[in-house]
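Here chain A shows up in two complexes: once beside chain B, once beside chain C.
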Partner chain A sequence: MSKIMLEVNGLTTKYITRYNESVYAVNDVSFQVEEGKSVGIAGESGCGKSTLALSLMGYYFPPLHYTKGDIIIDGRNISGMDPDDVRKNILGTEIAYIPQAAMNALNPTRKVIRFIEDVIWAHDPKISKKDIHDLARERFETLNLPEDTLNKYPVELSGGMKQRTVISISTILSPKVLIADEPSSALDVTSQKMVIKMIHDLMELGYIKSMIFITHELPLLYNVTDDIMVMYAGQIVERGSADQMIFDPIHPYSKGLMGSILVPEDGTRDVKITAIPGTPPNLKKPPDGCRFAERCQYVKSQCRVQNMELAGLGNGRTSRCMMSEEELREAYKNE
Partner chain B sequence: MSEREICLSGTGVSKVFGFGNRKTVAVDNVDFNFYSGELVSIVGESGSGKTTLIKMLLGLTSVTEGEIQFLGKKRDIRTRSKKKEYWKDIQAIFQDPFSSYNIFSKIDSVLLDCIHMRGGRMLPKAKKIEMMEEACRFVNLKYAEMTNKYPFELSGGQMQRLMIARIFLLRPKILLADEPTSMIDACSRATILDMLLNLRNETGMTIIFITHDMGLAYYISDTVYIMERGKIVEFGSADEVILNPQADYTKRLLSDVPKIHEPWEFSKRNQTPPPQTPVEA
Partner chain C sequence: MKGYGKYFTKKIIWFFITLVAAIILNFALPRLMPGDPVAMIISRVAQNINDPAVLRQMYESYMQRFGLDRPVIEQFFIYVGNLLQGDLGLSFSRYPRPVSDIIAHALPWTIGLQLPAILVGWTLGNVLGALAAYIRKGFDKALMPIMLFMGGIPAFGMAIILLTVFSLNLGLFPIAGGFEQGLIPHMSWRFVFSIIQHYHLPFWSIVLISIGGQAIGMRSMSIYELNADYVKYSRYMGIKDRKIVGYVFRNAMLPQVTGLALSIGAMVGGALVAEIIFSYPGLGTTLLQAIREGDYPLLSGIALIITVMVLLAVFILDVIYGLIDPRVRAAQYEE
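Now for the complex of A and B:
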């Protein structure tokens, strides 16, 4: 059993709207990520994927508020810490975050090397400029980025290059956990592959110890991560290895998601893609019982009453459903 | 193949922006034949000239060189009234549903305009409402919930579906869809694609679908055109192009798409699990 890098226990965060209503976008989420492993998070839009990513950083700004739960990075609990403390000691060194439109974060009037100086000096102002330049040059070389990128302005770089530059800047302090929130969704397929290759290299070279990768593109997730978690209405509904989740999902919601995969491969054309009918529940007033009950084909009367916990299925798989694995498999077979 | 009617075709179509040494050739001497009732995909990376081509087909930008033929005749859109006439037969759905609507008009009037455009201005009100209800039913929206709402009160997927409801009422001969699913998530994408397929099957419309997603193009289309830097490098039936690509560019694109049966060479899926070493006592 390898070391656990990130442990999340019962994390709950909420948005407070201007009418003072609470929207629990992340509700009682618990999971662990081991050293050297990557976990993907999948789900529809609005199911809380990005909010979970933001919450994991331990740095909250309105309208997002921390409610309860623990975030433990390599044995150190960061939940409930002072925001300035988090900013100084956690972000960048323990946990790094790449947002969706990361490439727009670069100030067009400053050269790339200036951002790297900023990041390093924010944590340790005593490091000399030369050391920073050496570190940056070495890091860029190992990641196959041209060295002259450092002395360029962001506008001189293409979209894919910008994204790769941002990733290398945010991981320059070798964080223990990298949270990538759709890092490649704005790019075309070729640059996407290069970005993913770079993230893969970062993991291989040990610059980052573990990763959480968020996307709604399931074939991509299959290629990147070890494990896949499926989120629905602020809760995790199923977790398993990438192979298990793509080819053999157990929870009815995961099953529905996997029905919408489109890949250019022989034989996939004859399989009709399916969508899950209906829309996710309003999180201001989440329904009692199973949150997916409203849209589930296999719903029983009990589902609407009894709250379900994530239950282990063996092999490291967990699922949040009333029906047992055998019952669900039987139901899928009869379709 | 020969008995199929050619709906829209072009010979030597080019578009050049700028001039002199600042010239950018966005679309470079392309030839195409789109048959009626066909679902065509135009696939290419960003900057390959897909959107410029669509704009030329729609008549939103001028054609620098070459000729576009519509229903066997040379297309004539030199005056405003001729353009209006042309747009009755050719309509489009764009990428960003949030910017496709007039934010000041309600959903009823969006749909009413479509009926009026088809010459239904004098129809009795009950008949108009019936038509609107039918269109909403086609795209799985509830008409009763739609009235008295503004487009921005809907979600992205609902807006895009409303766009299809418009097309359903307008019944153009050709529909140009410029990445209609790239801004919505994978689940609503399936619904939209199914609706487009239904629309084609019910009305026999020609749909020209622009996308950068190979998987999507393979699923939905009969014919696929691959564009690279303004040129069409390969075209043919979906099975031919996607499963047996000839052009290097197509091969490269296909190798870069994440797949689930043959993962990328560096993907962890290819690695066999490390042998279990016994723990030393």
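Now for the complex of A and C:
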């Protein structure tokens, strides 16, 4: 078994609203990512995907607050570390982040190379300017970005270029874990492809050791990641390999989510798109039982009282449901 | 720098176009005003002369002297020619003193008062606004109403308040003038001290009215920039907060520079009013005297000088703005 790069145990984080209410956007999340692997996180808007991404950084700004749980990166527990220590020794070097809105992620009045200097000096003020420039040039060359990008202001770059520049900057210190929060959502398909290729290259070249890829575009996840986790209302409801999750989802919510995919393939014009009825629960007051119970077509009375833990299904899969795999398969067959 | 050259050329062309427009207006406006200035001079100079023939002769001799007997177009070219030689004509009320001489005496007082006052007011306002945005909480809540109040007071109101409180009631500062009456301007400690004492109230009244508006603008710009995506991304790349605050305030300053360029005309106007209230020996007070005494050459000379100063200030600010904001250059490049 290969080395575990990221281990998350019972991570819970909350937003404290203006009226002092707590919203647990990430609730008791546990999972592992092995070296060389990429894990996708899918789920509808507001399910906590992006909050999970930020929570994993171990660096919290109001209104987001850490509540409990462990984040262990390559054997080192970063939860509970001094924030300044996290800033200096973890962010960017151990775990790095590609933001959702890379369009505005760079300071508009600072040249790309100046920002790279700032990033590197924030972690090691002793590195010489020349070393930084050499590193940046080398990285941009291997990642197929034009070298003159370094001397440009962000406003002079196109959307796709900006996103690829941000990815190069995020990974410049070779982090062990890369968290990509919808890095390609705002791009056209050609730029999207380049971004995805770049992410593959990063992994192959060893610039990153593992990755978490967040998106609401499921077909994209199938292409990019080894495993897929489905999140619902701040919790992980199912995890399996990309193949299993796309073609053979077990949890009723995953099933519903995969049923909503639109793919431009033969015959799909006539396939009826199913949508999951209802809306996710209010996380200020989550239900006692299963969080999906309200919207689940296979709901039983017990579901509304008792919340299940993630349980192994064999084959390395896990799911959070009252019903067994057999019961669920039986139910799906009868549809 | 190619983009900047284009920007600079454009700004310089605009500067000359507005300058020509100002000169034409300055030439035309006094001539469109009702009343005959020469008749006014005659009535003052020739109080004891009753012979109509002598009066007529005097009238014609003045008309000739001021060039008013020639066609308007010719007058205009003579005017421009004189202007280029620094000759603004002769004052009516202090005849035969040249207007340029009167202005040359008043100008140092005005520049010495207004330039530091506007710059100090602008800087203090921006620093206070930035602090309010960064600290928030009590500081912001206490400061903003004061700033709104100060920004709302008209220039003469602030001058009168300061005059009443500090000089009439408390007797801390002299009521009027640029230096103690009876003193002959020369370099001595007594004279310098007297200048500083007379300087305080007009200076602070201009500073205080400039602070308010600037602080309010800077506060909202800073709050906007503090929530920008690049702030979040920079934080997650491990850059120190102090550095990020530097980014934020630099970017928030940019619209403030434009704001200064836009409001400098109004600021100079307000400062002239402050001069009048404190009988400061600058252009404002001279302007008021010129209006009272129907001294058209002096009036138009002062108006022209003020216009040129404001145009110059706006031009300088535009040039600076192009240097500090790369987006301006990029925009020129795209055209």
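Following the convention adopted for this analysis, the second predicted complex is superposed on the first by the 335 of 335 C-alpha atoms of A that agree within 3 Å, B and C clash if a C-alpha of one lies under 4 Å from a C-alpha of the other, contacts with A are read in each partner's own complex, and residues count from 1 in each chain.
Going forward, contacts are C-beta pairs under 8 Å (C-beta built on N, C-alpha and C of every residue); 3 or more make two chains touch, one makes a residue touch a chain.
In this text the structure is predicted, and so the values were computed from the model without any measurement.
Of the two partner chains, chain B is the only one touched by A:Leu218; chain C is not.
In the superposition on chain A, A:Lys197 makes contact with chain B only, not with chain C.
In the superposed pair of complexes, A:Arg114 makes contact with neither chain B nor chain C. In the superposed pair of complexes, A:His133 makes contact with neither chain B nor chain C.
Within the complex formed with chain B, the residues of chain A that make contact are 44-45, 159, 188-190, 192-193, 196-197, 200, 216-220, 222-226, 242-243, 246-247, 256-257, 259-266, 268-269, 273-276, 279. On the chain C side of its complex with chain A, the touching residues are 228-230, 232-240, 243, 247, 250-251, 254, 324-327, 330, 333. Chain B contributes residues 45-46, 155-156, 184-191, 193-194, 212-219, 238-239, 242-243, 252-254, 256-264, 266-269 to its touches with chain A in the complex.
Across the interface of their complex, chain C is touched by residues 54, 57, 59, 61, 87-88, 90-93, 96-97, 99, 101, 103-111, 115, 118-119, 122-123, 153, 155-156, 166, 169-170 of chain A.
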